[in-house]
Amino acid sequence: MMIHLTRRERFNAAHRLFNEDWDDKKNFECFGKCANPNWHGHNYELFVTVKGNVNPQLGFVVNLKRLSKIIKEKVIEKLDHKNLNLEVDFLQGKVVSTENIAIGIWEQLEPAVKNIGIELHCVKVVETENNFVEYFGS
Amino acid sequence: MMIHLTRRERFNAAHRLFNEDWDDKKNFECFGKCANPNWHGHNYELFVTVKGNVNPQLGFVVNLKRLSKIIKEKVIEKLDHKNLNLEVDFLQGKVVSTENIAIGIWEQLEPAVKNIGIELHCVKVVETENNFVEYFGS
Amino acid sequence: MMIHLTRRERFNAAHRLFNEDWDDKKNFECFGKCANPNWHGHNYELFVTVKGNVNPQLGFVVNLKRLSKIIKEKVIEKLDHKNLNLEVDFLQGKVVSTENIAIGIWEQLEPAVKNIGIELHCVKVVETENNFVEYFGS
Amino acid sequence: MMIHLTRRERFNAAHRLFNEDWDDKKNFECFGKCANPNWHGHNYELFVTVKGNVNPQLGFVVNLKRLSKIIKEKVIEKLDHKNLNLEVDFLQGKVVSTENIAIGIWEQLEPAVKNIGIELHCVKVVETENNFVEYFGS
Amino acid sequence: MMIHLTRRERFNAAHRLFNEDWDDKKNFECFGKCANPNWHGHNYELFVTVKGNVNPQLGFVVNLKRLSKIIKEKVIEKLDHKNLNLEVDFLQGKVVSTENIAIGIWEQLEPAVKNIGIELHCVKVVETENNFVEYFGS
Amino acid sequence: MMIHLTRRERFNAAHRLFNEDWDDKKNFECFGKCANPNWHGHNYELFVTVKGNVNPQLGFVVNLKRLSKIIKEKVIEKLDHKNLNLEVDFLQGKVVSTENIAIGIWEQLEPAVKNIGIELHCVKVVETENNFVEYFGS
């Protein structure tokens, strides 16, 4: 019996939308005020959905504390109260869009989640109350 | 790498549930207080989900402002502060249920979204905190 | 020991902003799209705050069911799935603004709340996620 | 035209995470403070998603009141203001995890939903703002 | 310059509404399903508001971590994943209503908050999305 | 009849907690990860509450669009997608805490609100779902 289990974590971070191959003029044309070189920031919400069978003795797909610990160690500690452009190894050289943040988080989490015998199903990143992205791994 | 991107927009509107082939008695039997001929209304929330590959230079499936502009022009301007039964071309002759609102919004958005090279994935319409519908296009 | 107790109720209704002493042109100038003669509507949230001492045997300022029953009988039944301009006795002849809705609700509730030995403290009406009013009775 | 329709209901209940084949020591090791023999509790949110074609005369997949009545009769009355371990027939002998609550609710609802000609798509149970599960029936 | 600062904490707990001087029949008459002897429970939200002047060097009324630590030590550790009737020293002998929970929390927090040079202004306890209480200390 | 009217606006910004009279070591001791010299950021919510009598012809304390325009011109345009430490004139030389942001916003808004004949009652700034401040002007 396959269950989807979702854990929410949060991180507050600074970023700018910026393609390092372009000059400031082109960055402003493409990204508007999000290109501000002095940065802006968000309260990001991260929803990590895993799926798997229910362990009959525990009643769990996976212990939530164990899942939360993986998410915190692999991504939240790297993202929270950080500058996403300057300080996050897995976002180096990318435009730090919500899309790329979600893909980067997936790549950090996927091996660790597989390693405990379950499957990563979705990484959802909410940037504001009006926009979010979901990545399902391909 | 396929990403789902969701944009929320809102509209406040009046409507009634009402089948014009029926008399008031039958409308009240089927729709209860929602059939009130003097109308009632809602703060509707609209979540539009598109999917596509991430543009490597922009980091986007689509620029959110461009998506938001399409949604506003194609649907919000027609729905917001309007009477959904009387004033909305794409709802004429239909029961103005949340289901039909979602289908109507899909039909308005789908060609415009395809036209900018991405795919419409889901139209979700939230009528109250206790009920919403999702339409995936077929 | 004075406690403030708040109960939330909800109502979905149609209205328009409209001063019956003015012509349509002036109503549109003052109220914009909210003056639409075909109505629009909202999911209103109503927060009723009462205050009083805690009954030592019950642990309550007032039984919530009793308070909820008063709110439903005195205001929700008159407002929910109604046209606030046409169908609500206590709003007749007024501009149906959030301000006047809150004052009208206060006047409906205040005698009934006093009658059960507690005090009405605040009527808060939330029209959208971006605006609400509070009325404290004078 | 297939539509997904979701109805939210809520229930407040006590439970503990506890495997009756284990002693208290092992239960605490596996479930931590959630194993407290004196119970704890939650405000659970239940989102029931059904799918089906839109009835052209009604504009509905199913009348929301009818769906809500089924959910209340089949599950909410059994769960609300109850002890999930002691008082719920369909959870007897199971670890009362969010996963097992969702599966149990599915099994209660699925025949009744099929009986009115629509299909149960998803049972989502939200235990806290930070975790929820979804069950799709297999 | 007096600022009000509010910190939210959460606790999940079991309770029943029950006056130990009454028999079960009277408890059910007064408290309805909330009197269930097998308990039920809630996700409580606690909003603690303090007030004070802004420290010009820190920009704070009080460091949020320090305030959060006091709330956790004085109340959350005693309440979270507990049975409020059986396990909480400061609620013994009282009806465990939201009102009495708020008053009890105030009495736990007030000396500790005064001890760090600020003033406790309000304890707000949210039991469900539809009801909450506020206590201002007298 | 005095009514309190509240308008919500939002801004996304970068900041750091930092006292320019201190070295990095002392800033980290006092502000922890919030002192990160590479900045972090938030989705701030701003609730502006004004009070006044209801204009009998308009039904308003003040037209919401007029209030919203003042808030946007006086504060949101200066704060949104900005670095609060580097780019905001009214925060220069201050620790950019939520407290000081609220006081600064008050000082920007108060003359403009008075100028249209109403009174500023409260500026509430929500930094995360777990903390907010309120300033009442003294």
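Letters are used for the chains, namely A, B, C, D, E and F, taken in the order the chains are written, and counting of residues starts over at 1 for each.
The rule we apply is simple: a residue touches a chain if its C-beta (ideal position, glycine included) is under 8 Å from a C-beta of that chain, and two chains touch if they have at least 3 such contacts.
These numbers come from a predicted model, not from an experiment.
> Need the graph distance between chain A and chain E over the touch network, please.
Tracing touching chains, the least step count from chain A to chain E comes to 2.
> Show which chains lie in contact with chain A and also with chain C.
Per touch definition, common to chain A and chain C: B, F.
> Pick out the pair in D-E, B-D or B-C whose interface repeats that of E-F, meaning over half of the contact pairs match by residue number.
Answer for the repeat of E-F: B-D.
> Just the number, please: Cα centre separation of chain B and chain E in whole Å.
Computed from C-alpha means, the inter-chain centre distance equals 42 Å.
> How many angstrom lie between the CA centroids of chain A and chain D, rounded to a whole number?
29
> For chain F, jot down the residues that touch at least 2 other chains.
Those would be 129.
> What are all the chain pairs that meet the touch criterion?
A-B, A-D, A-F, B-C, B-D, C-E, C-F, D-E, E-F
> Could you please specify the touching residues of chain E with respect to chain D in the complex?
Interface residues on chain E, with respect to chain D: 10, 12-15, 33-34, 36, 38-43, 80-83, 86-87, 128-129.
> Within the complex, which stretch of chain E touches chain F?
Per the touch definition, chain E meets chain F at residues 1-9, 49, 54, 57-61, 63-65.
> Which part of chain D faces chain A closely enough to touch in the complex?
Going by the criterion above, the answer is residues 17, 19, 21, 30, 32, 94-100, 102-103, 129-136, 138.
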